[in-house]
Structures are given as C-alpha cells and as structure tokens.
Amino acid sequence: MKALVTGFEPFGGEALNPSLVAIRRLPARLGDIALTAAVLPVVYDEVLPRLRAAIASAAPDIVLCTGLAGGRPALSLERVAINIDDARIPDNAGNQPIDRPVAADGPPAYFATLPLKAAVAALRNAGLPAIVSNSAGTFLCNHAFYGLMHEAVRAEPGRVFRGGFLHVPYLPEQAARVPDAPSMALDQIVAGIQIILAVAAAHTDDLLVGEGALA
Amino acid sequence: MKALVTGFEPFGGEALNPSLVAIRRLPARLGDIALTAAVLPVVYDEVLPRLRAAIASAAPDIVLCTGLAGGRPALSLERVAINIDDARIPDNAGNQPIDRPVAADGPPAYFATLPLKAAVAALRNAGLPAIVSNSAGTFLCNHAFYGLMHEAVRAEPGRVFRGGFLHVPYLPEQAARVPDAPSMALDQIVAGIQIILAVAAAHTDDLLVGEGALA
Amino acid sequence: MKALVTGFEPFGGEALNPSLVAIRRLPARLGDIALTAAVLPVVYDEVLPRLRAAIASAAPDIVLCTGLAGGRPALSLERVAINIDDARIPDNAGNQPIDRPVAADGPPAYFATLPLKAAVAALRNAGLPAIVSNSAGTFLCNHAFYGLMHEAVRAEPGRVFRGGFLHVPYLPEQAARVPDAPSMALDQIVAGIQIILAVAAAHTDDLLVGEGALA
Amino acid sequence: MKALVTGFEPFGGEALNPSLVAIRRLPARLGDIALTAAVLPVVYDEVLPRLRAAIASAAPDIVLCTGLAGGRPALSLERVAINIDDARIPDNAGNQPIDRPVAADGPPAYFATLPLKAAVAALRNAGLPAIVSNSAGTFLCNHAFYGLMHEAVRAEPGRVFRGGFLHVPYLPEQAARVPDAPSMALDQIVAGIQIILAVAAAHTDDLLVGEGALA
C-alpha cells in the first residue's frame, strides 16, 4: 500500500503553511503504508501539473491533499470538490481567476473517495476535533482537490487510486497574530493525517453515519 | 416573464419558517414579472414531486427556491447543489437518509443559473447583507435545489427555466430564543427576494466579480 | 417621569452610528414618559461634560446611553461599567488612552441600576434578540457608561436618576460591507429602546432570573 | 519567590477540566519560583474557604487562578472580577445563585494585579494565542477571581500577594465532542501558565500597550 500526501506552500502573506509543515513531519512508513510527501505551489497554472507528476512518480493507492483553512477549529475532511475557480485573493503568481472552471471538460463536481466518516470517527476517538465539510472553498485547495479527483477517474488500469482533501486549522503561532482565531497544535495535525491515512488504507467502504449539515 | 418562488414549511421544532413567511408576503406582480409562490414540505419523498407540480403549473422563466439557514447573518445565494442527502435530523415525516444521492441518475452537482453576483451586488447596494455561499448543506434545502436544477436540464423546449436557491437567516423572533444567533427582519428578507428576482429577470449574464471563499 | 436617551456620533471610519440614527427616531413622549435625546461625541475629553450637561438640562429619572457594538447579533444591556480606558483605536479627536482610569477618584466599577433582566424578558417577548452583557468594552461606550453611573451616585437629592447602557448591533447597511457581520433593522433597535424605557419606568426592582455567563 | 496556581474540578457534565489537568503538569520549580498547585471545587460555598486555606499554606507572592472558558480560542488573562454571582447552571453541589454579591462588604470590582499585557506579549512571542479579556463571566471563575483579589487587599503585611485569573480553552479531546468548538493542546496550556508566572515574577509594572475592546 502506497500513499501520497501533499501540502501547500505558504500564501496570502503568511510565513508558513501548516499543511506543508505537517507533511514534512510524516514518517516514511506508517504500518505497511509507504508514504510519499509532495509540496504543491499556490499557483493556479502550476499546481495540477505538479500534482500529476507526484502521482505519476509515487504510483499511490491513496492520495490525501492537505491545505490551510484559516479560521476553522477542526480537521475538516472535504466531501466534494466543485468545478469552479473564484479566487478571493491572487495566487502566489498574481493570478486571480473568477468563475472559471477547473477543467473545461470536467463534471460539475467530484466526491472524495476516501472513507470520510470512518476517518472522522477515528479522529474523534483519538481526541482530535474533526468534521466532514461540504465546501473546500473556491481557491487553490478546491482547485487541487478537483484536479486530483479528475485525474483519479482517468487513471489507467493498475494506476487507480482513491483521493480526498483535508483542511487543517492555523497553527497556534499563526493564530497568535489573528484576533479570535482558533488553532491546532502541529503534533495533532500530524497525528490526524496519519489516522486518516491508516483508516483509508484499511477501509474502502465508509461508515453509514450522519455527518450532514442543515445549511 | 414569470417567476416561481418557493418556501419551506417549518421543521426541527420551529413554529415558523422565515422562507415561508416571506414568500407569503410577496406581491403577485413585480414590475413585469408575474410571481407565483409555492410551499414545499420538509419531507424527502414529497418535496420534489411538489416542486415539479408547481413548475408544471406556473411554467416559470425563473425559479427561486428559499429556505432557512439558522445561524447565518446574511442572505446567502447558493452557488452549487450537490447530489447527496445526509440528514443531520429527521425530516417532518421521520426520514433521515444518509449518504444517498438525490438523483441516482444525476451528475454530482449543479450550479445555479441565476446571476448570483449581480444579485449580491444589488442586495448590498440596497443595504442588505448578502453573500455567495458555496454549500447549501446536505438536508432538504440542498435536496430541493438539486432537484430543481435536475428538472431544469430536462425541461422541454418552451419550458426552459433558470434556477437558484436563497438561504435566509432566522427571523428576530426566532433568534430571540437562540443564544448568540444572528437574524434578519422579515421586511428585509421580502425586499431581498424581490431584488434577486428583478436582477434575475433583467440579466442572464452574471457579473465577473470575485465572491469566492479561501476555504 | 422623564427619560434621557443618548446616542454616539459615528467613529472608526463608519458613516453612521446606529445608536444615533435610532435615538433621532424616538418620539417625544412614550406613554407618560417624556423623552429627551442627546448626542454624545466619540471624544474622551468631551463626552462626559456633554453627558453631564444633558443630564442637568433634562433632569431625568432614567438615563439610557446607547452605542454600537459592531459584530454582536443582539441588543445587549450592559451589567457593569469598569473604571478603565484602554482604546483599541483613536477617538474622533485622535486620542487613544491606555489603561487610564475613567475617574481617578472613582470605584473600580458601577453596576447598571435599570432592571436589566425585566427588560431582556420584555424584549424577547416582543420578538427582539436581547442579552445581558458583562462587558461594555474599554472604549467610549464603557467610558460614558462609567461616567453616567459616577454622576448618578453624586446627584443631589431631587435629581437622583437610574442609569444603564445598551449596545446595539450594526444596521443592515453597515453589515452589508463587513464579511459575516450580524445586524439588526433600525425599526427593531428603535422599538427595543422604547421597550427598555417602558420597563425601566414601570419597575425599580428587577426580575430574579438567571442571565449569567459561564465565562 | 513563591507562586500558587489553582485549577478547578470538572463541572457541567464534563469528565475533565483542562485547568486542573494543566496545573497537575506544572513542575515544582520554575527558575527561582517555587510553585504550589491547588485544586478548587466548583461549589460556591466551598471555593473561597479552600482558596484562602491554600493561600495561608503557600504564603505566595503571586497567585494565578485558572479555569475553563469553553468556546474561547485563546488563553484569556482576565482584567477584572465583578462582585456578582449569576449562575447559568448549577454548581457541583446544585446551587445556582442569581444576582447575589460575591462579598456583601466588597467593592463592585477588582482589577488583576499581575502584568497582563506583558504576559500577553510574552505568550504571543512564544507562539501562543492570548488576549486580555474584560469579563470572567458570572460563574465560579469570576467568583474565585473576585474572592482572590478581595483576600489580597486584606492580606497582612508580609503576606501581600499579587493575583490574576487565566481562562483556558477546551482541550482537543473535549472539543472533539462539541460542534465547532476551538481548543488548545495541553502542552500549550501548561507552557502558557509557566510563561505567565515567569513574567509576573519578573515584572510588577505592566507594559503600556493597548489590548482594549471596542465593545
């Protein structure tokens, strides 16, 4: 079993990105899962080529992309990626697409194919705040998540993989400079990623438990 | 130009639903738009047949479904409906589907076809807090919104319509019983619906302005 | 029975202050209460002289000062004024005192002497979101509230009055320009002020009901 | 230099209280500060006798009481304790006082005498989210904080101490069971307490920097 985990470079004036700091702390093996970590740029034109190259190189069974959701208090496993870019701020190359599809030939959305609810249950059992989220936003995180799942459906036989996206909170040192912002310690983000990978490696079917949102 | 506006019955123990109270206050005409209002039940098995019947009867050019998003402070125009039911609470008939598609034969999502950003700009110009939202949740509101857009793509020539979904805040009298909940006055919700309809009637193309979310 | 109601001038770059807009909409009489409205400047050195002058002129039985609490969703009746100025932003004259007492000779705090809990109950019965708040902040609102109560304890016999402070939310047209900010319609703020005054005029004793905060 | 640090027993149905878990992890010495930890009961009639006994026994120069503020994302150094009990829930003995003074003979409030702003600056420099808070609520935390400062002003010569109160967030394992609740890792709470104590031991004067709240 091979897993690829990605994190993003810093953006929006931040000096660090917890998703990047976290994936650099992952071990090379997790039980019988071989882990590969890859860094993704916060640049619309570069992120999917880089992601595809990492997938081609790692030939993973599972891909978990991770990114920052500043202001959220919990690990957020994203349910769905939507086929739209609507950038509230410029990316790190200065591009700011508005209402442009991620993939002109793609469907309106993709659902994650990792067992989100089993992962959320395992995270909570380990004492980590976690939710299923119904929106990955419309910036680079959603773009990468959509691109990941678009790649997954086109994978050749023998290269099939399952995929998902995890949004992580600010690190405490980031939240220390933002009024009223929740945060999560790095150790817990790193532990959370490993729990998700272990659950994803062990289960292809998900739990049938409610984690929905009224609105 | 004909418009159909729907609101939901109360649910979750609430005595009223602001979306229902609001649509009952709409006039029969708005400029040269003829308005029809229809009530939707908060019951999975009944809501789409009722919606289809209302569409068949009204033969609208525009459909705006509305529902309650308790806890949100602004009028929220929903960008996307996703093909999933994941009910956090039972519907009014006691059903609580989990991770079931809205339409087994449908695509993973539909985007609204009303000019959301032009509507948000007009709402703000009128002094009404408004946003583009990237998740309508996974309960009856998303279900109805998805069903609406699924119907739209299958409409016969001559019966084509554009559609969207508006989430409204609690009324003040509801928020008075919920600690720390934001609300919006009924007059403003009613005014907001009329502004959205007027914008939708006047524009098929949307503004190209950013209203995206980082996460 | 005579009541004085004050509101503040705009500050912090806002074009209006809902407390000021609201008090200008008050009638001259409310049942058998004669109302006087006075405008307070958002200037540390001027606000208490102006307030004392208004009190001297109106000779009120009740004084309700009002101000803006941008970001709060409910009418907030303040329980306590504290003897400290700690300005997060400059006042309208450019002054920004830090950790300076409001009154060098005053006690550390004053409690409101209006029946807060009876007022909150009446507001909710009228469908208006309302709370008892345990902090009026450390800017001009707390300064005026403290100065008001400091004046009350030194009033000459025959000029005794009871006093309190109401924080009001943003108006909708303000919240339309602030992401995720709750608001309250002007009609409701105006109605709320009248309800508080009527309750304060009718009751000197308060209800003994819990409205406390854990933290 | 001797410091007393207190934490509270669990309450409100929680299995643990992070303030208690944290103080049990403190070392016996911190540089040249000798630390004593004491547990306070969440019972109105017992907490101040227990606190006074701990003070009499430890003869501290500094007392830092700590308690849980579930829902807050940062370490909150409380500026002021007010002379009121208004319990939203019963204490652990079933008592629920409403609008009763903490001390019938006491002033309306006490300000903390630890250098709050220097402590907040040091916490942030260490990467820990921290604020000065203007309300400790009206439950046991405020009661203990008020009682602490009431005791401080009556201390005999030679037994004089400075005091303050720290509210800490939920632990992650608590937040994992509360929707949308922020949390802080135990290591960080423990580190934060030590930073506050070190700053308080080193400084009697505070920094003159703004940490105020508009409302």
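First chain written, first letter: the chains are A, B, C and D, and each begins at residue 1.
Note that a residue touches a chain if its C-beta (ideal position, glycine included) is under 8 Å from a C-beta of that chain, and two chains touch if they have at least 3 such contacts.
It should be emphasised that the depicted structure is a prediction, and the values quoted were computed from it without experimental measurement.
Asks: Quick check for the class: compute each chain's Cα centroid; which one is farthest from the centroid of chain C?
Replies: Farthest from chain C by mean C-alpha position: A.
Asks: State, to the nearest whole Å, the distance from the C-alpha centre of chain A to the C-alpha centre of chain C.
Replies: 47
Asks: For chain B versus chain C, what separation do you get between their C-alpha means, in angstrom?
Replies: For chain B versus chain C, the centre distance works out to 38 Å.
Asks: Measuring from the mean C-alpha position of chain A to the mean C-alpha position of chain B, what distance in angstrom results?
Replies: 29
Asks: Touching two or more other chains, which residues of chain C qualify?
Replies: Residues: none.
Asks: Once the touch criterion is applied, which pairs of chains come out as touching?
Replies: A-B, A-D, B-C, C-D
Asks: Can you check the complex and tell me which residues of chain A touch chain D?
Replies: Residues 73-74, 123-124, 127-131, 171-173, 175-177, 179-185, 187-188.
Asks: Applying the document's contact rule, which stretches of chain D touch chain C when the two form their complex?
Replies: It comes out as residues 12, 67-72, 76, 79-80, 82-89, 96, 98-99, 107-111, 117, 132, 134-139, 141, 167, 206, 208-215.
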